[in-house]
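In what follows, subunit A forms one complex with subunit B and a second complex with subunit C.
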Partner chain A sequence: MNIDPQATLVLSPLWLVPAALGIMLVATLALQALQRLVEQPLTELGAAAAGGSPLHRWEPRCKLAALLGFALCAVSLTSLWLVLAALLAAAGGQALSGLPWQGPWRRLQAISGFLVMLVVVLPLTATVRPGDILLQFAGLSGLAINLRGLELALLITGKAWTVALLAEPMLATAAPAATLAGLQQLGLPRRAVSLLLISHRYLFVFRDEAARMRIGMQARGFRPRPSWTSLHDLGNFFGMLLVRSYERTERVQQAMLARGYRGVLPQPEKISVLPADWLAAALVLALGLGLLLADRLAGG
Partner chain B sequence: MHLSDGVMPTTLALGCAAASLAIAAWSTRRIPERDLPRVAVMTAAFFVATLVHVPLGPTSMHLLLPGLVGVLLGPAAFAAIGLGLVLQSLLFQFGGLTALGGNALLMGLPALACGLLFRLGRRLNLRRRIALAVVCGALGTFGAALLMALLLALSGEDFLGVAKLALAAHLPVMVVEAAMTGFIVAFLARVKPEMLAAPLPVRELADEY
Partner chain C sequence: MHQLAATRPSHQAVSRLFSLRDLGYRYPDGTPALAGIDLDIFAGDRLALVGQNGAGKTTLAKHLNGLLKPDQGEITYRGQPLAGAHLTQARLEIGLLFQDADDQLFCNSIREDVLFGPRNQGLDPAEAEAAAEAALADVDLLGDAERPPHTLSYGQRKRAALATLLAMQPEVLILDEPTANLDPRQEQLLLDLLLNYPGTLICITHNLLFAYELCQRAVVLAQGRVHHDDSLRELVAHQPSQREHGLDFSFRFAGDPPQPGQGRPAGSPANRQPPLLAMTGYSYRYPDGRQALRDLTFAIRRGDRLALVGENGAGKSTLAGCLAGLRLGLGNLTLDGRTITSRTRRELTRQAGLVFQDCADQLFCPSCFEEVAFGPRQLGWPSAAINAAVTDALQRVRLENFAERVPLHLSGGERKRLALAAVLALRPQILILDEPTAGLDPQGEELLLDILSKFAVTLLLISHDLHFIRRLTERTLVLHEGRLVQDYATDDFFADADLNSLNQLDYSYRRASELRLRELRRKAAEG
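This part shows the complex of A and B:
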């Protein structure tokens, strides 16, 4: 590509120092957050389901359909300002749900690694198109920062954050069984729902089992090191975890069959949809489609 | 590593979602009704395994294990991976919501391929089957990285640089995944060989696969 960009701004190479320091700081924070996230206890889906917010009272089917629709509209946006508006709307939803902000905060941390990578790499590697503004540093001709790449990375960050903020109001404002029943009524196959329910239940059993095994290994002097021996020991650890799980699958299956399981879990009661539920869903979808329409009109 | 929301254009995201729903439906149908709980419980075990950190050089990584899931679950691997990703997305936001379909394809297709490969080598002796498991571990991760790069490249030419970087970043991960899969399969061969005899859900129709 030898298309000349319209504008090239040349900066002093001294600007590189704060930029590099800033990137390193953010990347370190993101990595640490990721590390902490894995060490934090897994919280059950909808553990804080009891609550009196309008989102808790919203019928699950309408809530899921409306918020999923809004998320799809949000990821289709192309203008940074409208993405910001969608982000604010999602934050408003989180505020309205009255749930602690810790939940969305953890979700934002979880995706930060990928997003930090995009914010660093995209400005350096995005294709240069006519009309792009490039930042260059005096004396370093090989390094050019494409502002359109930066804008693209920020756009993706905004969209990912919007969806992350929608997640808690969507999933944590009802008991998992009610949310899954809503998904089933929206067309998710019955088998998928059964699989999800059982997996979600046993996740916590195995998390505790893995933690117990880890403590046992540490008590016998195991410390993870980047060495083949360490990898071998961890391989045995994973193998043992799988063997125990496999044996547990047999016991669980026999227990379920003995209690009359024939491949179908009992259906929860259907909740009736009130006009207010429809109205709320229509409003949220209208907001999403309105943002999308504004985006397409503005972008041409 | 997963793609986040907002990277893929909406048409591509929806296309991937449709494709992965179709494959997941096929994969789920291969599980006999009474064996559904077993696949669900194994999925939970794999989910927990991917949360454990493994040291890699000065830093640490978490395992993806698409190859191992394929080896142990065969055709049900895609359903298990889709399920794991949905749970990850619901609990942590990894893998996003609108990007779920794409992420399921990029992990699930290599897992299915590895399952088939390991099944083809079922008559080999133990040493060779473990070697095959190492190959599956490497191929599963490589396939996932390759599909991720492909999806990124399809998302626009601006992402080509990111695609190359993602591919390169997965090379050391591939080595650890291959070694880990080999160690785990060797352990299972000693301790619970029937887990390797046939993929869990297709015990009755093992010859059909």
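This part shows the complex of A and C:
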């Protein structure tokens, strides 16, 4: 079946040079950002839980319900402009939390590496539908940029950034135990909450153990090489890491039992819900639902 | 077996807490761990549970808390078997401090960890909070209550782990190697806390100086059996008993206490040769931004034997990592006069052999032979040279018959020596040992000391162990908060009365304990 797009704009092939350079630049920056991110130390959730912003004071269950609801509305939007509005609202939430921008910036960098690929690939691969606008380069009939594909890529990027920005006010403005207790009250199974809490704690111990073992190998001349010997050594490394983690799991369980653990982590003290908490949750949810309604009306 | 406490009339009048009868236990793989244990522990006992690595001390402690079930015999607490509801209640009264504080701190903040026990005890929120506050204040960590455990120093984590128990106000406190890797100040803090603890205390330790300050009764385990149950004073004074149980620490008393000015000071004519390693204005910052080393300037010459001392968190291990080329800071670092850069630091790694504090970080191969051969193989040595290097290294650490053994199954002392062999096989120019005595029993320490004293190699020893420092080094560097505050002869270090005020390194109590033990041994020998 042959589908005709609404319009095809033909550009000079000279545009390919700055376009290619731009893509290379963006890809290089994304890779560098990813590299920096990998090299940066892990920071724990709730590291800034002691702040005094309204988000810090917001009762965790209300906060989680409201921000998760808003995130759901945001990812359901189809209009680029309304996604931009949701993104601005999420940025406002981050600003309101008073937390440093370093955390969300690193999170955005982490996901942007993949999103850049979408922005590059989707305009070139999106199926051409009636009404699509294509950009073509003179003499290169096989290469066409579909503006609907570009819009779709930007839409996905905007939604992903919105959710990434919401993560900080949602998870970093209370201690992990309080946040997870809130999630439990919202229906997350108790066992999953215990697993998440202990995993979050031992992620750092595991990371330090792995780093010390890696240094131990480097100290005896190990460098990863494309060889079976190198693979064998890495196998030993991961095997030993697994054995050590398993042994630690046993010891941690014993340490918990020794202090009276009976299969259920004791709950932190409940925080009472004030009318202001309900009101704030209602406002945030209303904003999300309002954006969704506007989106549906515009789409209809 | 020697005199049993159960037969002593002095204990009949007080209440019996634990009673173990013919207790036996095998590990899941069938290896016997405990056999025929008959033991009574009474309220108010202060008991040192000692023995060689692998004697079964930790396994026995886990039975006392009901974490392990005996395969034979029985154990009762307050007259009832440790099972069911009684076990649940007993665990809330018996505090067990694990060797590794990271096992004990499983919550995401110190406060949550300390609250865990009181909440399980069913205290209401206000009472639990008050108990946690009091325990945190006792261990001087009230200001760090909201911090995640991994951001605390080793000594702080150890104290936080103790606070998790103190908050439960336990009737019985069982401590498993509480002083391992602690600096003298942290050890003194721990000792002060425990001296004030009013309940029953059971302390598993190789540190007889510490045990001597704290405990009156000694139970010696050997190959899973009780071989001695008497006063600690008797055990400490009676060298043949210690020798029999591999606990003889009299090698620590060899030689007289040093006099200031007798050692070879830094920069003496004997040290005029070009430096093997030299740092000038060297600093290092961790990836998270914390400053670890500040403006260090010193030189290590061929044949030097140095000690590096400092409080927990002073930056000693980080400095060792820099000297071994594993970390690269700012400033000038030279090897044989050549400046080390990011491109040439592999040469430094090749020349500096670093034995880690925890040898588990260094051992990952399926056999001892593979472990020692790992380094030479990475360097592309021919098979014959690798075989020769492995044989030689295993011989030097007295593990010649261990080539096919699995490193994971070796004892603590054997693993430490294997890690040493793995480094020696690379024939380093300088050997850097990070806390080599941590977790070793006296026999293991003595053997390691004997091995190390025979090496003719440039040595940097990071340790809190005064005896190892005295026996193995001639020069001492004192690090405090990342700065080098002293660089002098080791004998001057021992005579330095200002050390405590300089950097909170208070060795005075260890020295005093050592002198008291010497005196006790002398009187016992005369009597």
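To be clear about the criterion, the second predicted complex is superposed on the first by the 296 of 300 C-alpha atoms of A that agree within 3 Å, B and C clash if a C-alpha of one lies under 4 Å from a C-alpha of the other, contacts with A are read in each partner's own complex, and residues count from 1 in each chain.
Everything that follows uses one rule, which is that contacts are C-beta pairs under 8 Å (C-beta built on N, C-alpha and C of every residue); 3 or more make two chains touch, one makes a residue touch a chain.
Bear in mind that the values here come from a model prediction, so they are computed numbers and not experimental data.
Undergrad: After lining both complexes up on subunit A, report clash or fit for subunit B versus subunit C.
TA: Taken together on subunit A, subunit C would fit alongside subunit B, as the superposition shows.
Undergrad: Of the two partner chains, subunit B (first) and subunit C (second), which one does A:76 touch, if any: first, second, both, or neither?
TA: After superposing on A, A:76 lies in contact with subunit B but is clear of subunit C.
Undergrad: Could you read off the angle at the CA centre of subunit A, spanning the centres of subunit B and subunit C, to the nearest 10°?
TA: Angle at the centre of subunit A: 70 degrees.
Undergrad: Where does A:154 make contact in the superposed view: on subunit B (first), on subunit C (second), on both, or on neither?
TA: Touch status of A:154: no partner.
Undergrad: For A:257, select first, second, both or neither according to whether it touches subunit B, subunit C, the two together, or no partner.
TA: So A:257 meets both subunit B and subunit C here.
Undergrad: Considering only touches as defined above, state whether A:221 meets subunit B (first), subunit C (second), both or neither.
TA: After superposition on chain A, A:221 lies in contact with subunit C alone.
Undergrad: Which partner does A:85 contact after superposing on A: first (subunit B), second (subunit C), both, neither?
TA: So A:85 meets neither subunit B nor subunit C here.
Undergrad: Answer with first, second, both or neither: which of subunit B and subunit C does A:164 touch in the superposed model?
TA: first
Undergrad: Please work out whether A:175 is in contact with subunit B alone, subunit C alone, both, or neither, and reply first, second, both or neither.
TA: Touch partner of A:175: subunit C, not subunit B.
Undergrad: Of the two partner chains, subunit B (first) and subunit C (second), which one does A:198 touch, if any: first, second, both, or neither?
TA: Both partners, subunit B and subunit C.
Undergrad: So, A:135: does it touch subunit B (first), subunit C (second), both, or neither?
TA: In the superposed model, A:135 contacts neither subunit B nor subunit C.
Undergrad: Specify the partner with more touching residues on subunit A, choosing between subunit B and subunit C.
TA: Ranking subunit B and subunit C by residues of subunit A touched puts B first.
Undergrad: Quote the smallest CA-to-CA distance from subunit B to subunit C in the superposed model, rounded to whole Å.
TA: 5
Undergrad: Is there a shared patch on subunit A that both subunit B and subunit C touch, and which residues make it up?
TA: 45, 197-198, 200-202, 205, 209, 236-237, 239-240, 243, 248, 252, 256-257, 261-262
Undergrad: Please output the residues of subunit A touching subunit C within their complex, sorted ascending.
TA: Within the complex, subunit A touches subunit C at residues 39-41, 44-47, 49-50, 175-177, 197-198, 200-202, 204-205, 208-209, 212-213, 215-223, 229, 233, 236-237, 239-240, 243-244, 248, 251-252, 254-262, 265-269.
Undergrad: Can you name the residues of subunit C that touch subunit A in the complex?
TA: Going by the criterion above, the answer is residues 62, 65, 67, 88, 91-92, 94-96, 98, 100, 102-109, 112, 115-117, 119-121, 125, 129, 146, 148-150, 164-165, 168, 286-288, 321, 324, 326, 346, 349-350, 353-354, 356, 358, 360-366, 374-375, 377-379, 408, 422-423, 426.
Undergrad: Please give the residue numbers of subunit B that touch subunit A in the complex, ascending.
TA: 1-7, 9-10, 13, 24-25, 28, 31, 33-49, 51-60, 62-63, 72, 79, 83-84, 86-87, 89-94, 96-98, 157-162, 165, 176, 179-180, 182-184, 186-188, 191-192, 195, 200
Undergrad: Quick one: which bits of subunit A touch subunit B in the complex? Just the residue numbers, please.
TA: Those residues of subunit A that touch subunit B are 31, 35, 37-38, 42-43, 45, 68, 71-72, 75-76, 106-108, 110-111, 114-115, 117-118, 121-122, 124-127, 148-149, 152, 155-160, 162-164, 166-167, 171, 189, 191-192, 194-203, 205-207, 209-210, 214, 224-228, 230-232, 234-243, 245-246, 248-250, 252-253, 256-257, 261-263.
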